[in-house]
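In what follows, structures are represented as structure tokens.
Shared between the two complexes below is subunit A, which pairs with subunit B and subunit C, respectively.
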Partner chain A sequence: MRSLDLWSHEIRRAGPAALLAPPVLVLLIVLLVAFGTRLGSREGNTVLFLMTILETGIPLLPGIAAASLIGRDHAVELQLTLPRGYRSTMLRRLAVMVGWTALCALIASALLIVTGWWDLLPAASHGLAGQLAWLSPMLWLTALGLLVAATLRSASAAAAIISFVWLFEQMLAYLFQENQMLRLLHLFATTHGTVPGDWLPNRLTLLATASLLAAAAWPLLGNAERILGGEAA
Partner chain B sequence: MIATFRYEFRMQIRRPVLWIVYGLTFAVIVITLNPAYVDLQRSNDRDDPMTAMIVSADLLMSLLPIVYGCLLADRLVRDRRLGVVGVLDATPTAHTTRLIGKYLGTCAATAVPFTLAYFGRAVVYAIVEGEPSALGWAVVVFVTTTVPALLFVGALGLAGPLLMPPMLFQVLFVVYWFWGNLIYPSMMPTLADTILSPNSQYVAYGLLGYTPAPPGPTETHLIIGPDYYTYGGPTPGGASLDFLRPMADAPVALLWIGVMLVLAVFVLSLARLHTTRTES
Partner chain C sequence: MNNRLEPAEPREWPEPPKIHDQPETPGVHGRPEPPEPHDWPELREIRDGIPPPPGPEIVRAALMRAALDGLEVPAAPEPSPRSLLSWRTSSPHLAAAVRGLHRARALLAMEARLLNPAILLASVLIMVFSVIFILAENNRAGNLAEFMLALAAPLIAMAGVAGSCGPEHDDAFELVAVTPMSPRVIMMARMTLVFGYDLLLALLASAVLAPLNAAPAGLASLIMAWLGPMAVLAGLSLLLSVCWNPAAAMGGGLSVWALYALTATDVPVPDGLRHLWTTSPATITLAIALTLAAVIASGTGEPIRRARATHQS
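Moving on, here comes the complex of A and B:
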């Protein structure tokens, strides 16, 4: 019960903006599916927009949330004396955002599968692995956000890096696709197209590197001295 | 105002993260945009300092403003979070004066790494190519194109987090930059390449008489879209919001500068109104 209380507290604490953002993306997908063709959007374009929302929009939200995790609490000293570790509190906060976004993404992809749009998505593999289209970039960007925030201890700087990576991988997708090594690390390989056989290895590489990034962030988040320093200037 | 300006400038420019984030992102740009950023030519038959400086500014303006905006985003809300607003209110300095001082100070400081990167490249170009006039062109391009755009983006970055939760602002800001400045107008209704976009090339085309050569074979390797047709008339095939994309000439270029300044003042007035409303 106690643990449940903690979770419900974190959900309420997340705020309406954070909780509303993922459903807004789902709503956008619904609108596009329902009215896209009627608005004069060609089928190819609509597919691209749908994939862009799912593969790039969804990961951005937990990515920025992870970047903004550090230095927001007053009286961290008090938090650090509690039996629940401060690190687990921060990770619970992040889990609320990641879980909620993932749920919304699942609903959106179910909608796309039911309406038949999923089959038209570029390089989207079918079946369960197809869900890696949004899951891999989401976990990767979240892990990066966590690591950068823990390293720089500045929400604005961490958000700047996440935003830059997000824009950069969209704008210069061809750079990633030209190089065999970078192709495996491209976040948006579904939207921007990749060599068909490389899609699944790319998704799995992202998951593996995401766990490395998160593992690197782990000791930094547990360092009480750094946490007590609060947000850097 | 001068005191606020100086203090805010020093406070921002001494932040280690400012230099770390700019350093990392600039390094990524230099490494990955290597052919374009080293040549600074849109295609092989153009080799004059003005073109080079315009392309150099354009390359930096496509990605670095996102870093600039994000690093400004916590400056105004920080005063509230630290609880110093009450103390500052007790000083004889008026609210508006303080806001303007803070805006100009933080924007100037956050633009310093940007400016160093741009003029650094201009100096390298001037030495390597033996074209000292590049430095003059760099100043002209910077003052007429980059400064108005950064003034608007700076106002947006500073005031945005005051009007909505900072996290939401950061998401919307990056999405806005992508949608409203970088994608091709023919793809979907967008503010990109319009007179309202800070990443527009109106000054280059209208005021400096920039006319890019026809796209060469390397054209697809530049992040800059083939925008020469947008500024010379309507987008081929037509695009939504084309009425916001007038043909580029000198008055339109000056209008664009004016629009950027007016938008900056408008956003700052919103921030000022917001502080008035939430006072006491």
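Moving on, here comes the complex of A and C:
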């Protein structure tokens, strides 16, 4: 099978729900940009909505997708006989979701920059570093989803834990803002605000810890027989 | 009547051919043939006291005897004195109910072995973390316990139901589908176990929090904060698992759950969602309706929504 066919197959395998969710969020941003003020939403509220969608809504999607990777293969014996390792298959599937979501987020942020809304965002940097507003939490949640899924081998349990972490980061915003160490690990520092000068270190710390989480998941994903055993029973 | 067959009369055996008179033939590859039994005169003497085996007429005789005598029904095992006393003194309806209870207990015990330990572990982790967080942050927010348990309990119930119900979680679903046991009964048994486990966890968390002044409005108010949403979200998850698939159940349930979670932030959410997140006759009715719809849908036809390789093949 050619490489292009393989990627095409993985895109079809992701399913309409996973593929439609990011564009739906982008559409929501477009509607808010176009009609938010006309519908009576104040500028501050509109900015908050836009940042909430971009920084908290979009990263949750690949996080849940990564948590749901395990236990979807039924032809286990066939998979185990393939020359290509199952880890690369899983990472390719993950890359489809992360890549597609990142593309949609890029389009949304470009729209915000062009229309001038990006300048009103509370703590976001400008230029290329500004894209870390959505990229860092997205990669962090994705890496955590991968690790939890590989550890528990249950899509439902992993998705529940990812959702709970996402919620806690939202609710514990004030705790993260108060503590200097926790401030570096706050996923939603752009929306909820942070100390001036801490935004970029926060984003870079998230990227570093995301790579640690992915590194912890790496050996677990290499045990194809365990992973392909599906949901733990 | 005597069931044993009488031995038949001894019959005369024909004399063996006198092979000693025949010329000796060489064996295979020149070796001599092994001696035949009638070559040994000792065997002829032993044979004299042994009756000959019955002929083919024994089959007809056995069938005739069985038809005339009737079948002997094996005796039922004697019940223990305790059960004998309780069953004979009670009504047949009560006896049937007792048998049904025994059957339900056995079914629940068997289904408990199939539950995914990862889901049970995740439920415990989420609930323990919630309790610790509530106790740590209780001084800052008055209704934190109600809000947190109203999020944690529905989440674990929804995830537990989605992770336990549906054909995707039964590798031998075809076998289960052809057994006399209804798939509805199996689904209800599994749902009872998962929901009961999560209900117990949430009750335990409430019982721990209430004496520690984490619930200013009292234990009953704390339980009312999460019971209704938990039942509704579990019912929604069950219906989507049965009618669609577990992934859709997680997605749909998480969407509703996340919308309510946003009430903790400054993002405005519809008021109807806040009404859904209470324990009221409306929410309980909704939960029962969702569960009933799932039960009805679970027994209708083949598992047509099993996971496929792609979504377009």
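Here is the rule we go by: the second predicted complex is superposed on the first by the 229 of 233 C-alpha atoms of A that agree within 3 Å, B and C clash if a C-alpha of one lies under 4 Å from a C-alpha of the other, contacts with A are read in each partner's own complex, and residues count from 1 in each chain.
As a working rule, a contact is a pair of C-beta atoms (placed from the backbone, for glycine too) under 8 Å apart; a residue touches a chain by one contact, two chains touch by 3 or more.
Given the structure is predicted, the values throughout are model-derived calculations rather than measurements.
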Fit or clash between subunit C and subunit B when superposed on subunit A: clash
Partner chain in contact with A:138 - subunit B first, subunit C second, else both or neither: neither
Contacts of A:217 with subunit B and subunit C, given as first, second, both or neither: neither
Which of subunit B and subunit C A:12 touches, first, second, both or neither: second
First (subunit B), second (subunit C), both or neither touched by A:61: first
Touching both subunit B and subunit C, residues of subunit A: 15, 17, 49, 60, 64, 68, 152, 154-157, 159-161, 163-164, 166-168, 170-171, 175, 232-233
In the complex with subunit B, residue positions of subunit A that touch it: 15, 17-18, 21, 41, 45, 49, 57, 60-61, 64-65, 67-68, 152, 154-157, 159-161, 163-164, 166-168, 170-172, 174-175, 232-233
Residues of subunit B touching subunit A in the complex: 11, 14-18, 20-21, 24-25, 28, 32-33, 62-63, 66-67, 70-74, 164-168, 170-171, 173-175, 177-178, 182, 187-188, 220-221, 223
Residue ranges of subunit A in contact with subunit C within the complex: 9, 12-17, 48-49, 52, 60, 64, 68, 72, 74-75, 152-161, 163-164, 166-168, 170-171, 175, 231-233
Touch list for subunit C against partner subunit A, complex: 114, 116-119, 121-123, 125-126, 129, 133, 137, 151-152, 155-156, 158-160, 162-164, 169, 246-248, 250-251, 254, 257-258, 261-262, 264-267, 307, 309-313
